[in-house]
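The same chain A turns up in both complexes below, where it pairs with chain B and then with chain C.
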Partner chain A sequence: MLEMQQEMRKVAKELLESGEATVVIGWEKGALPYQTSPVLIRSAEETEKLVWDEYCQQNLSNYLIDFVYSDEKVAIFAKGCDTRAFNRLVQDKRIKAEQFTVIGVPCPGMKDRKQAAKGVADVPLAKACQECRYPNPVYANRTLGQPVTPRATAPDYSDVEAIEAMSADEKAKFWQEQYSKCIRCYACRNVCPACNCTNCIFDQSKSGWQSKDINASENQFYGITRAFHVAGRCIECGQCDMVCPSDVPIMLMNKKAKKDLDQLFGQYDAGLETESLIPLGRYDVNDPEEFM
Partner chain B sequence: MSNNPVEKTENFEPKILVFACNWCTYAGADLAGVSRLQYPPNVRVLRVPCSCRVNPQFVVRAFQRGIDGVLVAGCHPGDCHYTTGNYYTRRRFLLMTRMLEYVGIDSGRFQTRWISGSEGPKFQEVVTEMTEIIRQLGPNQKLRDDVTIEMQDFEEEAVNE
Partner chain C sequence: MERVGVFVCHCGSNIGSVVDCAKVAEELRNYPNVVHSVDYKYMCSEPGQNLIKEAVKEHNLNRVVVCSCSPRMHENTFRACVAQAGLNPYMFEMANIREHCSWVHAGHNEEATAKAIDLAKMAVAKVCKNKELKKGHSPVTKRALVVGGGIAGIQAALDIANNGYQVDILERTPSIGGKMAQIDKTFPTIDCSACILTPRMVEASSHPNIKLITFAELEKVEGYVGNFDVTIRSKARSVDMSKCTGCGTCMTKCPGKADDEFNMNLQKRPAIYTPFPQAIPNKPVIDRESCLKFKSRKDGKDVCGICAKVCPAGAIDYEQEDEIFVEHYGAIVMATGYDQFDHSVYGEYGYGKYPDVISGLHFERLVNASGPTMGHIVRPSDHKEPKTVVMVKCVGSRDPEHGKSYCSRTCCMYSAKQATLIRDHCPDTKVYIFYMDVRTPGKGYDEFYNRTREEYGVEYIRGRVSKIYQDGEQLIVKGEDSLLGRPVEILADMVILADAMIPQNDAAKMAQIVGIGYDNDGWFTEAHAKLGPVETHTAGIFLAGACQGPKDIPDTVAQAGAAAVKVCGLLSKDQLETDPCTSEIDPALCAGCGHCVGVCPYKAISLETIEERKAGKTISRQVAKVNASLCQGCGACTVTCRSSAANLNHFTNAQILAEVDALCQTIL
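For the complex of A and B:
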């Protein structure tokens, strides 16, 4: 990883010195060993700040939305999931691909910083990274290093199936317990590359059919709505789980949606390309008929 | 306990919300009416321009506010007044039905049906059947914003532990 870090600094320096980029988006070290946060580098001297370690889980592509109307030339370092997020944003017409320089970085998997914060000795990979099928950039202007082998070949839905096996009452209890912890900080929405609406319905105070009350019922409304809104867009980067201060298993909802969409309308992995429409944005006259 | 809104009493009458598409199901319900077909008075019909107007969040909202069952009904696929609306409805609610079951809504409380303007008897049949299912299930307790029965259960469990 150290070699990659050196190379990243070198590339960032070249880009800034040659004027090919005025801003480089990467990761820098935070106060604690398991904290690595996004950073914007604007000068060649600052490139020493750039790091590449086991905690670079943050998805950087969302920051590009802030540069859509700017004249700055932006270069961004991107792991497999960041490039899928990039494609998602292009697909949603939030950014234009040709405006940005994407430097792909094959990702060996990032460690679970919540576990690290708890002081676990041998920190495991984050859950999303353990299940990652696309660690290599799917879109990049240039790629550094050698491609890595994916850690999983097929999606793992064992956790979703465990919930599905419960009775209706158990499910209701489980989710109510989980969502009563939610503090509605919207961190999951804000980091999510699939949640990129300019006007989120949860920012509207007078829509009449959603409320900002913090109780299990309203929080579940938020959870179900968010899972439904990102259904077919979710790139399974696991950012929502990572940032949730209350440890709500948000990915468990998103994975359920993905599992069902795949079963009903055929396998679809979001963000692999930019041409196709998401499953809920199109239809097929031969869709399964259950309603009659 | 008599003021508990979700206690299943002998004379429990389910509240069912029907989202009826203006062009087919609303006409079907009207036909059921003019044909003097008897159906349970538990249904509240809400007319929408097309079944795809029904945002899946409306369904969750209805459950939150004390509805015991939701029926979304529209034209048969291929017959949509707006050509393709109900194809989208079908995709959305295939997923939403599963999502709602995943969070614990009993299956049968949320249904989608295709009822055309000439299917008055089908409207009668569907709402009668649904009322019976929900009468069996009892009042909905899941997702409700005025009910904390589940939370009381948690507390009891915590005390027992």
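For the complex of A and C:
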């Protein structure tokens, strides 16, 4: 990883010195070893801040939305999931691909920072990284290093199936417990590359969709609605799980939606390309009309 | 301030015998914003409507809720009533306490009454959020398209044309005429099918208001009632229609051979052909699948070309290509007809492999004077006249297991007709008909059936055939006479199976192209089984003939006339009122993701660029925009839009939330 870190610093320096980029988005060391954070580098000297370690899990692509109307030339380092997020934003017409320079970085998988925070001796990979099927950039202007072998070849739905096996009452109890922990900080929404609306319905307080109350019912409504909103568009980066301060298993619901959609409309992995229409965003005369 | 009047309808005993209507009215009287609430026996009757009008005046109502049947039934009635009372017609809501309540909860009166109260409260909650809406207007293209050139299409086109409107007939085969052209005689009068059809074909082709588009396919239908844009693919005929004189020399010299579909493959036809001698237009096409020249071209060679050499007009054009063009119409009549069930699924009838077991339509060609046998009834296998013929009815009909669950309506009569024709042509031939029931509802039909038995001596045997098998030159037909309760075995020379009528094999695809519904069997769905039999749920598209369900010729012609009247009624208007219940997009909320564009079945949404001030500078960004005249108000965009920028007028998010709130409060 050190080798890659040197390469990243070198590339960032070149980009900034040549004027090809005025800002480079990457990662820097945090206060604690597992708290590696996103960083915006604007000068060649600052490039020494850039790091590439086992805690670079943050998906950087969402930062690009802030530069859509800026004159700055932005370059961004991107793992497999960052590039899927990049495609997500392009497909949702929030950014234009040609405006940005994407430097792909094949990803060996990032460690679970929540486990690290607990002081676990041998920190495992984050769940999303363990299940990652696309660690190599799916879109990039240039890619550093050598491609890595995906850590999984097929989606692992064992966790979803465990919930599916529960009775309705057990499911209700399970989710009630999970969402009574939720503090509605909206961190999962803010970090999500699929949650990129300019006006989120959860911020439209007068519309009547959702009250500001924090209780299990309102929280579940929030959770279910968000799962529907990202259904078919989730790129499985696991950022929501990573940032949740209450450890609500948010990806579990996203995975359930993906499993169902794949069954209904055929296998679709979001963010691999930008041409095809998303499963819930297309009208197809061949869609089944079993209800008619 | 909302002042809502609630009117609860008994619908005679339809609702009143299950739902306690007086209690519903009483409960609603105390509901917020309700100032007047009554029940009445028939709200849709004139006195019922007067009740609404008077109450609006007396109680100064500004919103009305009627608890009665489905809005499909009477929404327009009550909207008109509310408008006559001086309110905007959209300040009205209907709670369906019949189809959604009394009819499905009979015997559970208490629960049904509680549900009716909930439904009424939801309607009140919604109507309080209703906005005054105004209908828009759109122009009408005064020209109709008839899809299908059989008798249904020809008749519909003639009726429209005779009313003074332009009409095009789109036919996919080289000639108009359809199935009726293949039929020999028609029941119950035994007049020659061609003799009554061909004058209509000629009339259609020479009518100044009718244009024939033959050998062409419907590719795409866009637009909406009054303004359809139809994309048509005119298939390459390989013959220049403007030069061809229809002399037919090419057909006599063509060495290519293909199965003659018009004669049910009982003989061969040349590769350059007209389907039948009276074809219109009477100009041939080249069937490129069986043409020697086109076949040789696939192997990189280029042989034959005899038709081009012998054509005195120089009309043969091997390089012709399919032509795609767009035409504009105000209305469309679907008259795409039917197909014949394939009896080869029946093992007991020999899986279609015995040459002398034929279908009804095969027999029509056998007995036809211009058919392959010049009208001599002979067995296909050895061309001998059959001495014993067995006919089997309901082959594929009324058999949900192997075929279709419905009755094909025409088989009883055409089997009787074919039996009399056999007895006329070959008086020594015995005819047996196996039947389940004899169904003869129609003018002169039962009399015809009786004559078939009594005067023509055709023997009817009530029972199913269990097996047909070949025994030497003959066929052994085993069955049961269920009236006598004993097995029957007949040594037959020929068996005619009365195959069911089924939809065209691409009926579902066709329905999807034009945007109309179809049932499980594939028949196109009419708007209402009784009160809208020629309309579809898509405004401006009508049905004629067997594409809607099995029909005989008289019914088909009658329905074609009915469809034509509907078309003329539409085309007689200079502009149409458009439904204001369409979607709108709030550009302030829209992020411009465009997923609503992909999900819209009517292509009513597009992205447009707007300019905005953002962070001290003017930026341009894309937002979605709805074309209200294309929007059908399905609401697909509103459920796709995550930021709730898309909102369907009259079914807004606020209205639906109010309904949900009303319902949830009741449960708590």
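Just so we're on the same page, the second predicted complex is superposed on the first by the 284 of 292 C-alpha atoms of A that agree within 3 Å, B and C clash if a C-alpha of one lies under 4 Å from a C-alpha of the other, contacts with A are read in each partner's own complex, and residues count from 1 in each chain.
Rule of thumb we're sticking to: a residue touches a chain if its C-beta (ideal position, glycine included) is under 8 Å from a C-beta of that chain, and two chains touch if they have at least 3 such contacts.
Note that this is a predicted model, so its numbers are computed, not measured.
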Side-by-side fit of chain B and chain C on chain A, or clash: clash
Partner chain in contact with A:218 - chain B first, chain C second, else both or neither: first
Dominant toucher of chain A (residue count), chain B or chain C: B
Partner chain in contact with A:176 - chain B first, chain C second, else both or neither: first
Chain B versus chain C as contact partner of A:164, first or second or both or neither: first
Which of chain B and chain C A:283 touches, first, second, both or neither: both
Which superposed partner A:69 touches (first chain B, second chain C, both, neither): second
Which of chain B and chain C A:227 touches, first, second, both or neither: first
Against chain B, colliding segment of chain C, chosen among 78-86, 96-104 or 402-410: 96-104
Overlapping contact positions on chain A, where the chain C interface meets the chain B interface: 201, 209, 280, 283, 285, 292
Sites on chain A touched by chain C in the complex: 69, 92-94, 196-201, 204, 207-209, 229, 277-278, 280-283, 285-286, 292
Touch list for chain B against partner chain A, complex: 56-58, 60-61, 64, 77-78, 84, 87-88, 90-107, 111-114, 141-145, 148, 150-151, 153-154
Of all residues in chain C, those that touch chain A in their complex: 512-513, 517, 588-596, 598-601, 607, 614-615, 617, 619, 622, 636, 640, 642-645, 653-654, 657
Residue numbers on chain A that touch chain B, as the complex places them: 163-164, 168-177, 180, 201, 209-210, 213, 215-218, 220-221, 223-225, 227-228, 231, 253, 256-257, 260-261, 264-265, 279-280, 283-285, 287-292
